[in-house]
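First chain A sits with chain B, and in the next complex the same chain sits with chain C.
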Partner chain A sequence: MVDTKIPPGTAAGGPTGTAGGRAGEPTAPVQGSRRAWATAASGRTAALLVSPTLLVLTVVVLYPTIMAFKESLYGTKGLDPKTGFISDTEPFVGLQNYTDIFGQAGDRFWNAFWNTSFFTVVTVGLETLIGVAMALIMHKAFSGRALVRASILIPWAVPTAISGLLWRWIFNSDGIANALIGHQVLWTTEGFHAKIAVVIAEVWKTSPFIGLLVLAGLQVIPKEVYEAARIDGAGPLAQFWRITLPLVKPALLVAVLFRCLDALRMFDLPYLLIGAQKNSVETLSMLAQNEASNVRFGPAAAYAVLLFLYVFLVALGFVRLLGADLIGDVGGPRRPKGRTRLRRTSAPSSAEVSA
Partner chain B sequence: MNARTSRVLQCSAVLVAAGLVLTACSSSGGSSSSGQSKSPSAFSGRGPITYAAAKDSSGVVQKVIDSWNKLHPKEKVTFVQLPADVNQQRQQMIQNAETKSDAYTVLSLDVVWTSEFAAHQWIDQLPAAQFPLDKMLKPTVETAKYRDNLYAVPASSDGGVLYYRSDLLKKAGISAAPTTWAEMKADCSKVKKLPEAKGMSCYAGQFEKYEGLTVNFAEAVNSAGGVITDAGGKPDVDTPAAKKGLDFLVDSFKDGTIPKEAITYQEEEGRQAFQSGNLVFLRNWPYVYSLAEKSKVAGKFAVAPLPGLNGAGSSSLGGHNVALSSFAKNKATALDFMKFFTSQDTASTFLKDASMAAPYEALYDDQALVKQYPYLPVLKKSILNAVPRPRVVQYGDASSAIQQEAYAALTGAKSSAQALKDLQSELQKSAAQ
Partner chain C sequence: MTVTVKWRTWLLYLGVAAVVAYCLAPFYWMLVSSLRRTSDIFDTSLFPSSVSFENYRAVFSPSQGFGRALLNSLIVSGITTMLALLLATFTAYAMARLEFRFKRLILTLIIATSMFPVVSIVVPLLKLFTDIGWINTYQAMIVPSMSFVLPLAVWNLTTFFKQMPDELEEAAMIDGCTRGQAFRKIIIPIAAPGIFTTAIIAFIAAWNEFLIALSMTNKQSIQTAPVAISKFTGATQFDIPFGSQMAAGVLVTVPLVIMVLIFQRRIVAGLTAGAAK
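On to the complex of A and B.
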């Protein structure tokens, strides 16, 4: 893709030649208007080519975001006690829906916020461990490998709504889970065990996702690296820490990022497995849905906006903190930080972005 | 792909992912409904209309609509099937109303939605004189009213009944079903001395934290002489009578009359426990009857009205009412269709073909029907004694407050007194909105 910088003033493409020495054109100060015109033209083409993408993004991302934000500034329609009818319009309350989370009514929000964070950290952590282990197994060459690969992917292929119901049976009062542990835990009641039930079901379901992406990363690691390591006398553990993990890291980070964003939006699994309005497992998405279903669109939109910001910040943090590694460090010795940054702005690294 | 563009791509991927979170809410944003007449509006216009209701697996709804369509070829009714889940039905109907769409003409409302839909003016007030309400069971008609005006017409009803193991009771020397909670507990302890009753529990209802808990809590409170909301719709649940009702459930959990796992029971779990012979008494809806007749307790059980504190208890009411969407066209046709759909003939078809309890009193005494459904006389008593669940505009909030506090009391997280006190203040808060 091209760097689409359109120098100001050149859009008309006038042959009068004044565009010549513009600051926006450091590469060709003396070549004159023809070069500038060519750049502007290609810039226009580029803008034209990306405009459908931008348009789609505006329609599916920007517009709903702005509408949701606008809605979050409105309160709940009031009831006229005399007529018994709900008023026609929603009152404008400014930022009250947001400030409310710091008041007494905010308890439920913060509970949902901590639940969401807890689920994200715990499930993604466990999924990463198990997913990497799965990928290592799937990557090994042995008879029946295709079968193992397929079977590991099954949980991911099952729709969450269905797996929620399946796990509901497993965690039933006289279900398999209780038969296995030998005494009765009422998993779907309020309490920490409900969180555990959700974590187990979620990890079971989405570890294959990480496994799949890591497997893709593993498959592009050249065999020679391992041969060289073996000749140098590195054991399996050393090979894993020194070769596999660093080389598979870009793929792993993308997988973890995606899983984090997904986990922050978690809704269907706790909703189906444990039930709506159970404080122990209520996530932000569930809270927003609950408010909306009680015809309180203002607070619902406010919660959704806050969740959006939370997701956005986590994603931004990922890209900022790990972004350099995400793109730069594959397949070679570590470079000094300054050079890495320099590389990022200049050299193409298409060969290295294998994930 | 160079480094910067892939970063841009990542960022936009993040944006898309995050943006999707918001789309669900924004679709319903910025709504306002224009004021329409507050009195029964003129029902004008004839032509095709729609009937929006839950997916009907028995096929009887389509059959009834077909017979209407045959008589009225120019005013055909189309059956719009909504999801089977009640919350989704409500959601779709609200969305339809908020966008003022005329896609749904006649709505099939759960009995607890009437106040909310009427207060939002999503449904029209109906001319009460044009419907045979006096032939219907009184409590069912009450569910169709908001502030004493008729906004819907009962199409089907439902009431809770007590299933009991008549074989075991007989063996223990008990001739009649219990009418009070104390009798029920006494009967149960007698039954449990029998060798066949080894490992059985006494009683269960629906105590999972969902709408069923609201129903069971309301029944316990009403059966002890308490109320949740008074005649004027004001919350009045922090009373000694209500406490006795809640204490029945709390104590039963404590002393094991209700098994510990019943806190996870919805209708189906309770039915299965009863059918596999783990329960002596079960509070459930009439639909269980025909299913239990096919199970291993077939012929070993009977039904009775719900017991109460000092005599017969009061059931909550289930069932559906039909209402007319304010934003619909062809309202004259709609009104005629509603009369047809809620007529005694139609109700009898529903009862015969799909075992849907009818709002008409006469059908419960029909010998042919009683032969088909032996529980009908008990159900009639149940519905006649029934108290509708709280009729408040913010029913969803009221119900979740009830679930929250009742659940806390049942699991022992709160004392019943504290739970009722908190419930009272929650209900007041939601009523003040």
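On to the complex of A and C.
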């Protein structure tokens, strides 16, 4: 682990020593209370340093989310039944935008819902397979490693919007894809082939990312483990299943979680590769955006909220299932303050092990 | 034995070639197509029969407004990156170095926001910005972009700061620096490569943004490059100008590719930050 556990005591105590001295603080009465003071001071510094970010995120994320929820309770501007004019205000409709998805208007929502789920499961599944294969190749290859690493970053660097246009060109009726398979497929028209086109384009762009994350995981596996396995008579396949995969699992899971959450909000690629309002590829993000751009903010907000809940549930499911593996050392020392102090004095070595 | 070893080596080379081809082939196709003449744009030969810059000239024809779009992209992603880095540096420092209550919860929350579906923010903000007249302004794109660039920057920088030994700062503070001075004079200079890498990753994320830029603008003069390219018009309404789209795609991507090639080591380290621990 990069950060050792002994410093927190000194790091937290250090500045307070000087700060206390400057403030003309009389001698600290007891060791214990001085420590408490130290934590309070570093807490204040931390609050000062962290609050701008939290403030910005509150304004750009939390506030819009609450607004979206409120907006989803309103309908679209329509003819006022009393006056016969188009009303200026949106009528309050309660949960109607949500209950509508179970009625006639729900077809489009459920179609988008299944498309989103289909894309997520299929693309992330394929990306994981290809990504792991790429990582294994890159890990083994010594010559040409720089070339591979450089080229693997290129799909990641190409803007998704541009890759959407690029693949639309590749999948054009007179394009290279049809020339290669020697078949005339109208990829960018409605139908299952449109889904395939989106999946191929998405997998191309994102599996290198999984490859990179898995490679990083592979590189920290000590060589001795493999040597020991070989001495014990494990073949390459056994080594992969029994050593590589379990040891690389945490890195892989993080990559898969990130990719899942990213795929659930897919927008650019189907929008540019196939087009807006195409049943075969419309995702929840596209549906919400389309409704909003047609000034139907109420339903749009309802779809956005539902997508948010979907993403949230998937993330929650991941964290529940995999727990510590995922957010392992995100926050470094993660014990509540009181306990950290206790541990610091009692057993710094055990804290070091746990981090 | 030696035969199998030889086979293995060949197989490995084959694998490497496959990975490189997989990653580069579509990009190469974009490059080749952009260099074809309009008359033979549908050729499927691996090399253009005659290299022509016709498409690149078409990209910069005044009616497409591409130069302006590039400038808009640069302004929006530049400002977003700078703002995000400014805020993230302080926050990441606190996350990596200070002990405080709810630290883990706060960091988890910040990172969680980057996984937030952008459309959930765009829909309400679109209505708000319509009401306050922010449609077709830079701030209407910068503000929502912060929602995913800022968490990204915080996450990356936190990992970088954590990798630096505490002892450096402690030594500085023992020598009489305050924590603020130690941060300014010791941490920032040493962390400069990390900050720079984060800047690149954040900039690429902002530069590639499409949904926000598409929703918040409806005038050509304010569109960012990806949106402008997607709206390129051909000679007729039904004629998609593939050639100039590919050329513009190359122009938008090549700066990123060059940056990526120069800083590949750092970027890989930044991207995989935290995943491999």
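The definition used in the following text is that the second predicted complex is superposed on the first by the 256 of 355 C-alpha atoms of A that agree within 3 Å, B and C clash if a C-alpha of one lies under 4 Å from a C-alpha of the other, contacts with A are read in each partner's own complex, and residues count from 1 in each chain.
Operating definition for what follows: a contact is a pair of C-beta atoms (placed from the backbone, for glycine too) under 8 Å apart; a residue touches a chain by one contact, two chains touch by 3 or more.
Computed from a predicted structure; not experimentally measured.
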Contacts of A:Thr76 with chain B and chain C, given as first, second, both or neither: first
Between chain B (first) and chain C (second), which, if any, makes contact with A:Ala68: first, second, both or neither? both
According to the stated criteria, A:Gly106 is in contact with first (chain B), second (chain C), both, or neither; which is it? neither
Going by the contact rule set out at the top, does A:Val158 touch chain B (first), chain C (second), both, or neither? second
Let me test your reading of the model: by the given contact rule, A:Gly94 touches which partner, first (chain B), second (chain C), both or neither? neither
Which partner does A:Ala301 reach: the first (chain B), the second (chain C), both, or neither? both
Chain B versus chain C as contact partner of A:Met138, first or second or both or neither: second
Check the contacts made with chain A and report whether chain B or chain C touches more of its residues. C
If you stack the two complexes on chain A, which partner ends up touching A:Leu186: first (chain B), second (chain C), both, or neither? first
With both complexes overlaid on chain A, does A:Leu212 touch chain B (first), chain C (second), both or neither? second
Residues of chain A that sit at the chain B interface in one complex and at the chain C interface in the other, please. 1, 57, 60-61, 64-65, 67-68, 71, 172, 174, 258, 261-262, 265, 285, 288-289, 292-293, 297, 300-301, 304-305, 307-308, 311, 315, 327-328
Residue numbers of chain A touching chain C in their complex, please. 1-4, 7-8, 10-12, 14-15, 18-19, 39, 42-43, 45-47, 49-50, 52-54, 56-57, 59-61, 64-65, 67-68, 71, 130, 133-134, 137-138, 140-141, 144, 146-170, 172, 174-176, 179, 204, 208-209, 211-213, 215-217, 219-220, 250-251, 254-255, 258, 261-262, 264-265, 267-268, 271-272, 284-285, 288-289, 291-293, 297, 300-301, 304-305, 307-308, 311, 315, 327-334, 336-337, 340
Considering only the defined contacts, which chain A positions touch chain B in the complex? 1, 57, 60-62, 64-65, 67-68, 70-71, 74, 76-79, 83-86, 88-90, 172-174, 184, 186, 188-190, 257-258, 261-262, 265, 275-278, 285, 288-290, 292-295, 297, 300-301, 304-305, 307-308, 311-312, 315-316, 319, 323, 326-328, 343-345, 347-350, 353
In the complex of these two chains, what residues of chain C are touching chain A? 12-13, 15-16, 18-20, 22-24, 26-27, 29-30, 33, 42, 44, 87-88, 90-91, 93-101, 103-108, 110-113, 115-128, 143-144, 146-147, 150-151, 154, 162-163, 166-167, 169-170, 173-174, 176, 178-179, 204, 207-208, 210-211, 214-215, 226-227, 229-230, 240, 242, 245-246, 249, 252-253, 256-257, 259-261, 264, 267-268, 271-272, 274-277
Which residues, counting only chain B, touch chain A once they are in their complex? 1-7, 10-12, 14-35, 38, 87, 90-91, 94, 116, 118-121, 146-147, 208-210, 260-261, 263-264, 269, 393-394, 396-397, 400, 403-404, 407, 411, 413, 433
